[in-house]
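These are the structures in question, set out in turn.
Below are two complexes that have chain A in common, paired first with chain B and then with chain C.
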Partner chain A sequence: MTEIMTDTISTNLQTIISTMRLGLLAPHLIVSMGGILLMLVSLLKKAAFKINAFLAIVVLGIASVCALNTGSDPQTGFNGMIKSDMFSNVFIWIYCATGIFTVLISHKYMERRKINVPEYYSLLLFAVSGLMFMTSASDLMILFVGLEILSVSLFVMAGIDIHDLRSTEAGLKYFLMSVFASAFLLFGIAFVYGATGSTEYSAIKDFALSNSFGRSPYLYAGVLLVLGGMAFKISAVPFHMWTPDVYQGAPLPVTAFLSTAPKIASFGFLFKFMAQFQNVQPYPDLLEDIVISLAVLSMIVGNLLALNQEDLKRMLAYSSITHMGYVMTAFASRSDTAISAALFYFAAYIFMNIGIFAVIAVISENNDKNLTLENFRGMAQKKPAMAFLFMIFLFSLAGIPPLIGFAAKFFVFSAVIQSGLYGLAVIGILNSAVSAYYYLRVVINMYLKAPEQDSGFDLNAIKYGMAEMLAITSCIAAIIILGLQPTSLIHFFEKIAL
Partner chain B sequence: MDNHILSAITFFPLIGAVLILLMPSKSFKLMRWTSVVFTGIPLLLSVRLYQLFSPASTGMNQAELYQFVEKYPWISTFHINYYLGVDGLSVTMVILSALISFIGVFASFNIQKAVKGYFALYLLLATAMTGVFLSLDFFLFYVFWEVMLLPMYFLIGIWGGPRREYAAIKFFLYTLFGSVFMLLVMLVFYFSANTFSLVELSSIMISKDYPGYLNVSVIRNAAWILLFIGFAIKIPVFPFHTWLPDAHVEAPTAISVILAGVLLKMGTYGILRISYPLLPEETMKYAPYALGFLGVVNIVYGAFVAMAQNDLKKLIAYSSISHMGYVMLGMASLNVEGMNGAIFQMFNHGIITSMLFILVGVIYDRAHHRDIHALGGLIQQMPRYASFTAFAFFAGLGLPGLSGFISEALVFLGAFKVYSILTIIAASGIILTAAYLLWAYMRVFFGKLHEQHREFPDINAIEVISILPVAILILLLGVYPAPYLNVVEPTMQKMVSIFSDSSGLAFNLINQMSHYLFRG
Partner chain C sequence: MPESLHIFQITETHYIVLSVILFCIGTAGVLIRRNALVIFLCIEIMLNAVNLALVTFSRHMDQNRGEVFVFFVMAVAAAESAIGLSLLIVLHRQKKTVDVDEINTLKG
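For the complex of A and B:
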């Protein structure tokens, strides 16, 4: 009896090990090991903050090179819990790039603000590894683990500025909201498991295809709850309440990271997960309607709330809700080009958002006050180069050709029109016109208004470090070059299928 | 050079803009003359273009009938090309935009604030304007159209008058709203026909073999209306016109000149280049109302409002609205006379209004206000200025012998055949125009000269340079319009032919409807 048991255990172990295929997780493991290494370094060295910044960049660089090696053919490992393909590789590159940009813009800011905790960088690496797990997962449990790794790191990062109460508030708010979102997600996963008997994507797909979606209310409810949980992360309306407070309170480099990578990862998961139901006949109307309404609400509410914001960070928070609304329209369209359009949008969004937060980080390093639009009065006269760069980012966010923001919107709305959702396209395009107003308000303050005498906001004190300039200039270069010539990038993305 | 003459005309100003950005910011003189050179070369090239142009290039739906075509792939996944070419419709508009850009530089010589930025943006604007007129790819057209917005926004917003911020953002948002509609229609066309080429699209649409979504008539109708709104904002058509007076009043002189001289034409040009050949059936359906009726509203409303103005510049701005109404009426007639008149009126309005705005700028430089009541008797102090203004005002009210007369007469000739009552109402616009212009002239130049105006110098050499070429052109084309009309007419004939070819039934229906509505 015991012999038989040990036999089965050993054969099971063998099969488990043979199906593991650790190589698929190379980037994930490198980044998380890197995080641990950085923690050790922070114990040992006094100048650890500087060393860690450097190491973090190296680790992220190596990880992105490793993603190249895993190859473009889809491969599954860990008993089908992990799937590595071109789609996940692209996301890994996006995360690594975002991570590197974040390190570049963090260093000086954190030092000036006296929050140069060396562990910050290891938290960043953990967050990146969480992101990678979210995208590589082909099982809802792995997804959940990835999401939690990400969220726990982000709570701490958002609240890392112990001198500033608002940062603590941001950390706490993000924590509470994430817990709420996780509860949604877990509840949804439980429902899905209850309905299908599995948490693996392919098994869920088989179940959905054989039993029409609508006939299984548990699967339906589960999918909707998963969607709701993700909508928190994306900060789609009506799950957006945390966004402005967290953006405003968290240290700027953290905001830059928070506003890009986690949202992109959540969308990555949604694309991957919902693709399982692509061929379900008939496609559930309610699901489609809900996605469309999330998109419409995000675009409209985000815009309306951004219109009159006086605080720059809050304005960008609301505008990011709108931007995610645009991506949501592509997601809703389920057309052939939706994925490539969304991927292009993510790339564009990273360059624009990281760039603009980098500029704001530089401006606010020496200024403790709130960043209101008034503070930017006459910036063009005092800091012409900085104002000019800032303006390019704003125009790109507003979607003015020939910058990348326009190309991105063009591809997204193309996908929407391709699937015949004209109403959605009209709403999206109108919103993109409305959004120009609040981006222009900043430009008006910088260029058309005379500088204020005693705003207590010293524009002259602005000085930029090498790392920040490197981040800003590479973002600007990408915005202009990819705006003028998006062909190769969109072509590359078009070859990526799920 | 001749092979790439269109790209050269388009991008020379941009090279100038880059050079100016590299100059030390104190060398005002160098920047001014660089701008003269880099708008002068495109002007010379466009004259050369006119010489080389053969009127047989009637363009429209036949790719081989465009001249100086340049076509290179740009964004290949979406079949977007860098595609330039001219036909009879665009060639004169290119000359207009090159000419107006050139004389606008002289009108900018008195700019003192941030000269470097001003001329760099000005030259960027010149590139974008020319690009709009030359693009044969819908996407490229749209990109140039949008790029034009940015320099204009800053030129009004930074160098403008006291309410410049308001005027600049109003201009920006109005135009942006119009253009996003255009973007939408553009995408619908692309996903139906899989091309952005305006030439291919028009040949597909004229053949009535509607692909994809365009097979649905509701979508075609919606497309026409959305395109119309986009272009109507630019023309501007009543009730979308309110940005124009604000923008003009606040804009510096040269920018008003560009705005009235070239930018407004883009609206009507867009309708002729895109709505007409791409949606001929819908054009026949909507032209009587959207272009004919609203055109007459523009003429009469613009003239009445102009009469009530005390600000000389606002008066000219409203007269622009009124004059663009003639263009619309001519276009709505859908016959050769009317269309010839419309496109000639586009050109004439461009040159006449530029002259008017420069002349208003001259008095503003001296008096620092434009209040008609506060002026008076200037003919004693500035006789040369008074005579130039008289010439421009007469051109504006369509005096025979000056170019405006011919285009207006052609418009009426064409329109009367189709909409007799509307045309009669429109003709009253001529009287109204004469009334407000002559009344304004009287108040500014006759009567008692104010004491503080005694020091005013007469019009100077630079100012004369900037209006003389235009004045000569107004006179020449007024006496002998053939050089213009010969170039335009074959293209217009071809454009009209798509409306007479395509289903006689629809056209009859329109005729009947317009008969009821407009002939009474």
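For the complex of A and C:
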């Protein structure tokens, strides 16, 4: 009797394991195992911070190579909960690159501010694995778990400097607002589940195709709530209130990570999820209007608030809201060209944003105060090389050709025009012109203003480590090379179908 | 059951309405209250409203997917409260308050 039972159990286990297909999760598992390994290394106390930085880069490198291995054909595993294809692989590469850059700019900065806790890198790896789960998921349950792995790690990372009130405050604010938004997302998922009887994307798609939105108020409400919860993570206006505070308070490398990867992951999920409703007839007007108004509001309000901002980190926070508004226009146009343009924008955004934060991390040596635009007066005379690099990043963010920021905006807006949303494209281009004002303000401060004598901020003291220089130079190289030759990358992204 | 009691029969809709009411109470609490701890409690009310909705839908459709999801939500909520409360303690050590209106170092 017991033998029969153990037999059935073992055959059951075998079928379960064969449907799991662990290989699809290779990058995710490597990164999360790496996180646990780093926790153990942290016990070594002394050199752990250095070892962990090195190990984190190795783990992220291996994970990105493993993503190559899963191949380009779409494969589903875990009873349809995970879908691995080129789309999710591209995102895995983006996360790994962001993670590696974050480690590179973290090391010296964290040591200087005496927050060199070795567990920091372990949290970073957990966050990256959460990001990977978010875009590989093809089930809302997995999405939720991935999102929370990410968020819980980010709360601690934002508040990691427990001796600095600003950091703690940023962590707490991010925590409260993020959990609040998660509740909306969850309520939306519950309604989608109630309407369709499943949390799997494919089942939701089948349901939406056979019953239109109008006949299923639960599905309608659910999708709107999911969109609202995600708009918070993207920090689209009017869900942006937390962004400037958290960016300003969190340690710089954490801000660099926070301003790129989680937003990209949230967009990745939205692209993947909303693609299920692509062929639903009639496509609900309200949904389309809401996405368009999120895009317009993010672009305009983000820009207006950035115009008079004196604090550099807050200015970059508002500028990131605007940038996500541009991507939101691509999201609103619901075409395959728009998706490839958005992917290009993400790649470009990582290099520009991480690069600019790397420069700021170098500049803010020993500086416990907030960096204001005044601090950059006369920087070109004192530190010409650093000022020049900083200027390139600012130009790229402003979208000045031939840098990558221009190519990214060009692709996004041409995709928007192709889908016939002319008004949206015009608003986007006008906003892009307006945004040049506040980026150039920094450049003017650096090049045309005389240095301040008693700013209490010594630009001559700037020293930089190898790791930071490596991050900055590779970002600069990517910005210029991909800016001059964007075609091969965009062709690669165009082949990716959802 | 006597005929007159039929109007009191509790259906799925009642549970969903209750869940929506709980969710709204939680949302209102987050927006109105100024104590970070109470805000966090209100968020927990919202999460439990979600759990109620999930279990109701699950029962209604006679499957267990929603009930499994509830365990995920509960586990995640527990992890979040561990992080959130420790952040609150760190903040309280520095500032001696958990009033969100007084936590205003960051602004501009």
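Just a few scattered comments:
What we mean here is this: the second predicted complex is superposed on the first by the 482 of 498 C-alpha atoms of A that agree within 3 Å, B and C clash if a C-alpha of one lies under 4 Å from a C-alpha of the other, contacts with A are read in each partner's own complex, and residues count from 1 in each chain.
Just so we're on the same page, contacts are C-beta pairs under 8 Å (C-beta built on N, C-alpha and C of every residue); 3 or more make two chains touch, one makes a residue touch a chain.
Just so it is clear, the model here is predicted, and its values are computed rather than measured.
Between chain B and chain C, the partner in contact with more residues of chain A is C. Within the superposed three-chain model, A:Ser198 lies in touch with chain C and out of touch with chain B [touch as defined at top].
When the shared chain is aligned, chain B comes close enough to touch A:Ser414, but chain C does not. Using the contact criterion defined above for the overlaid structures, shared-chain residue A:Glu494 touches chain B, although it does not reach chain C.
By the document's definition of touching, of the two partners only chain B reaches A:Pro401; chain C does not. The residues of chain A lying in touch with chain C in their complex are 141, 144-145, 148, 151-152, 155-156, 159, 162, 165-166, 168-173, 175-176, 179-180, 183, 186-187, 189-191, 193-194, 197-199, 244-245, 248-249, 309-311, 314.
The touching residues of chain B, counted against chain A in their complex, run 74-78, 142-143, 146-147, 149-150, 153-154, 157-158, 164-165, 168-169, 172-173, 176-177, 180-181, 183-184, 187-188, 190-191, 213, 219. Those residues of chain A that touch chain B in the shared complex are 395, 400-402, 406, 410, 413-414, 417-418, 420, 422, 425-426, 429-430, 432-433, 436-437, 440, 444, 447-449, 485-487, 490-491, 494. Remark: chain C residues 16, 23, 26, 30, 36, 39-40, 43, 46-47, 49-50, 53-54, 56-57, 60-61, 63, 65-66, 68-69, 72-73, 76, 79-80, 83-84, 87-88, 90-91, 94-95, 100, 103, 105-108 touch chain A in the complex.
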